[in-house]
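After this come two complexes, each holding chain A, first together with chain B and then together with chain C.
Presenting the complex of A and B:
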């Protein structure tokens, strides 16, 4: 009986061991990854590869299209709207990114302090992030209207009405201001996390050495959150380059007066959608946006790494 | 052998026949545009899908009772009604058509049915005897409105028509010293009144909130396309003349400062806020004016849109039948049922639209005033519909409309001369047309 029990126990142990071996089969990690990879392949990789393929065809919404080689890219070079859109998207990066890197840091420094009621300000600054961009843009368009709140104030101050939504440059700058305002809270939270990791002793030591608030900001805070600044720079430059909603909602579907405020993503939307959409050309535009955004991100990250290396050299010296 | 390779081979081997089967099945689904589905003259039976365009919110009860009535008439048919919002309707149709899931009966306008018909997914009603026999029930203009150039036939049963008067603000007219009872009826009078409004108000009152669209060129008497719809011609001297006059109007302050970017909704809001003196609209707007702008409503004037051709503009809605549907006979029967005289008139009594069936507009409902403002607009619009045409060329895609709009804006801003702007718009649109 006891021998029989032992034999059964041995068999059970061997089964368990075998099951264990099975669990450690080389294919096991792949099987576990399969659901995630499946979703990634279906919703990211497949559309991406299709876009790359379509970029070299004359596909339309309802017509599969023929291989046309580089024709879409050649057309792009002669498309006046492409250059306008590229200029606007590039301007968006140049003018928006410095504000989205610096202003949230200053805001984070303000609300970082543990003072009564600070939670309210943190929530208030974060509110635009959770608000719908459509609702926000609508409110901004009312405020910036020729007879809106802003012009009302200007009129009360004796200044003439400013056509924020009728002039292409003012419209683009208004959209940039909206992007910065809406992104402040998001990047502020990232900075708050980074600031929490800055040792208080560093500030205290600098203060003992006679450094004022500005000096402490430049010599302690900025180096401490440098990698976060690079991250925010990379994230915001890519998202600024791909801007759509703010400009579309303020400037309208035509892209502002005479289409002068069209951005690259708006151009993709305009050319590639609808029953007669030029899917091939829109795919080629998307590919260009992808390559530029990738280069932009690599550039920002490289600039960040370059700064780190210089800092390390400085420390070694 | 590496164990993982074995796993891969074990996984892939059974998948090969499955993939082959999937490919074979997907090949079965596509008939290369030859038209699949059942016979149009077969039995009226099966489950069909009916799609409307942004009509559920206001008319749910009407469509549900319509479907019920049809199902009672044809007990072997089940109709699934679905409605799509106005935004991105064309994108939704495109996605459905590309995926082979276009509804059996679908609400379209001619500019939407053109690319669908060209892609071979809509039934040519003139070529299908079961559908063509109903042609005589609709007005010739409405049937023609659904006939597509180069595709030899009509691709949708004519449904409701819309047209609209031009609303004007009598108080603003009075303030400018203009006779509020004599609104402009021709383009000459319109530009004259606009100059006066702008001059007398010191530039504070604009006349219009939008820039000229393709139908304005049509109403002005400009030839929009050549006979076979292969080339745009709105850059002819008359088109340049219209744009030159608009440029003058813009320079004099007769156009709202945001006219270059405004959408029809924004233009409507400007009129509601009494910032502009005139705006096109429809009978539906009256309730909005009465509720949201009582002072405007008290001073509301209603006139016909300026016209140099004697033919007002109309917008045509239709019901198309999916050429590859599984139950074409039922789909044709249902599309005809929704658009027959009785049901069109019933629908037009609920909504401020007009029926496209022969003789409907002779009904006293559309010929005699009932003393209300709605009645006045209805009778005036119905009268103008006789002889009305759809000026918007069906081959003109949204992208081409945007091109025209942006070039018009450049001319108004003085960045290009009106001639240069229209020449450029035509050249760009023709280039797109050639590549279709």
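Presenting the complex of A and C:
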């Protein structure tokens, strides 16, 4: 074989490599994707289709059920429990999200500074995220007990015992506080990644210009991490809307006094499981949760983009 | 570089310690409660933070009442299985999506993004029906399966592989390495940080999950720790020392695991996270 041939062959091979084509058997990508796509198809896509189908039937546990059209959804409109649950899940979003967007950002700014011991504080603030929600909820229910730590401190300060877990509103607010507390470290890490991309010079320039900490926060930090705030807002809205464990554990399986603290996912769990679970109705509820969660995410993302557009318009002026 | 003033530093550390008390304090209070003896009043005001006569008696007693060590073993089984399936499934799929060219790549990537939009909570009823039809309900296999390859993990791995410089792999192609060799010998070692993040997320997710095991497990001997703790809480609420011991058993392994891996975690999370 001539020398030139080999050289040509080599260049051809390198070209192929650069373009990244024909380097593998056509089946290879699909073999690699098989476990991931298989799990996706079997445990997300298939159950999703089942849920959509069952939502229009009167299926019960062990009974396939008949097609009933929109009856489950009409029933929902007359189901007092549904409205209570929808109210609680919506309230959860409205009251929890502002805190999960703002507090972790402040926390990230606090540990972002290069000072001794920051690594320790970062990890320590992440502890509530690592611990299971069940363990954490049990810790809180002991702390908020009528004779627990918080009331012990209140009593020592001369304030009356507060029955955090006895009143349905206080109970819901306690669960919200727990959700915010448990999410602090999680969203802090997301903000830390964003802050790593904000040039320090921006802050320093603003400081040299005589901007105080509050002004620097509003005019340097917030614009720089805006898109991350929108992302955190979207993520935490959806997860607040589908809250289950915190309320289930603090209020009990029946949802507190007279079921007043039931959330939508708790309602799904309660109606859809058990020996005589109303699978059809629970599927209809699941579908409602899916649609609202999706709309909520789009709404937050759009609101964020709307803000961006407004900003751009202002810049143009 | 402007220097941080002494007053600002002091202010920052005061704030840090206050947040530390709020985030870690409750765990220490629970730890302290778990070591208080039956004769010690746990309801005193002002509260006493250190046990008078520390004892491990509550740990022995909680294990007598509920098989808490069996629950822990069940949780460990589920968590380890989930780590393995996620590492394998997410890295292979992520590699194919990031590095191989084929028809349908875009659609496959979209499928994983779409899966993120469906809340797991809205699928549990159908998943339960499915597991029952497969006669898998009330097994640990059923607990693992729905989260065996998380869509988010696949996307994390895809991003990590996409960030590895192409040149190294191209050199390997020229040397005649096949796809599998490039994947295992070059690509995987370059994304160790993200693999650690996926492993931690998978372990935490499986160990901490509550709603799904609560629905799919009915025999108390199959319970994972979270479901077992809920049972313990419902039955022995009047003795906070026992519940405290149970929660410490559930929390301690994760805190230790995280403390060991946190170096990788904060580095890897920074690499793979969505950039603002």
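The criterion applied here is as follows: the second predicted complex is superposed on the first by the 282 of 317 C-alpha atoms of A that agree within 3 Å, B and C clash if a C-alpha of one lies under 4 Å from a C-alpha of the other, contacts with A are read in each partner's own complex, and residues count from 1 in each chain.
The working rule: a contact is a pair of C-beta atoms (placed from the backbone, for glycine too) under 8 Å apart; a residue touches a chain by one contact, two chains touch by 3 or more.
Worth saying up front: this structure is predicted, and the values here are computed from it rather than measured.
A.B. asks: Which term applies to chain B and chain C once both are placed on chain A by superposition, clash or fit?
C.D. replies: The answer is clash.
A.B. asks: For A:147, select first, second, both or neither according to whether it touches chain B, chain C, the two together, or no partner.
C.D. replies: both
A.B. asks: Thinking of the overlay built on chain A, is A:68 touched by chain B (first), by chain C (second), by both, or by neither?
C.D. replies: neither
A.B. asks: Kindly classify A:26 by the partners it touches after superposition: chain B alone (first), chain C alone (second), both, or neither?
C.D. replies: both
A.B. asks: Which partner does A:133 reach: the first (chain B), the second (chain C), both, or neither?
C.D. replies: In the superposition, A:133 contacts chain C only.
A.B. asks: Hey, is it chain B or chain C that touches more of chain A?
C.D. replies: Comparing chain B with chain C, the partner touching more chain A residues is C.
A.B. asks: Would you sort A:50 into first (chain B), second (chain C), both or neither based on which partner it touches?
C.D. replies: second
A.B. asks: One more residue to check, A:276. First (chain B), second (chain C), both or neither?
C.D. replies: Touch partner of A:276: chain B, not chain C.
A.B. asks: Identify the residues of chain A that lie in both the chain B contact region and the chain C contact region.
C.D. replies: In the superposed arrangement, which is not itself an observed complex, chain A uses residues 25-26, 30, 145, 147, 252, 273, 277 for both chain B and chain C.
A.B. asks: Which bits of chain A are touching chain B when the two form their complex?
C.D. replies: Within the complex, chain A touches chain B at residues 25-27, 30, 58, 60-63, 145-147, 163, 165-166, 171, 251-259, 270-271, 273-278.
A.B. asks: Can you list the residues on chain A that touch chain C in the complex?
C.D. replies: 10, 13-14, 16-18, 20-21, 23-26, 28-30, 32-37, 39-40, 42-48, 50-51, 54, 107, 110-111, 113, 115, 117, 119, 121-128, 130-136, 138-143, 145, 147-149, 151-153, 155-156, 181, 184-185, 189-190, 192-194, 196-197, 204, 207, 224-228, 231, 238, 242, 244-245, 249, 252, 265, 268-269, 272-273, 277, 279, 282-283, 286-287, 289-290, 293-294, 297
A.B. asks: Can you tell me which positions in chain B touch chain A when the two form their complex?
C.D. replies: Residues in contact with chain A: 3-4, 7, 88, 90-91, 93-94, 97-98, 112, 115-116, 118-119, 121, 256-258, 260-263, 266, 273, 275, 397-399, 402, 405-407, 409-410, 413, 415, 432, 435-436.
A.B. asks: Along chain C, where are the residues that touch chain A in the complex?
C.D. replies: Contacts found on chain C: 1-2, 4, 9, 12-13, 15-16, 19-20, 22-24, 26-27, 29-30, 33, 43-47, 85, 88-90, 92-93, 95-97, 99-102, 105, 108, 111-112, 115, 117-119, 121-130, 145-146, 148-149, 151, 154, 166, 170, 173-174, 178-179, 183, 204, 207-208, 210-211, 214-215, 225-226, 229-230, 233-234, 240, 243-244, 246-247, 250-251, 254-255, 258-259, 262, 266, 269-270, 273-276.
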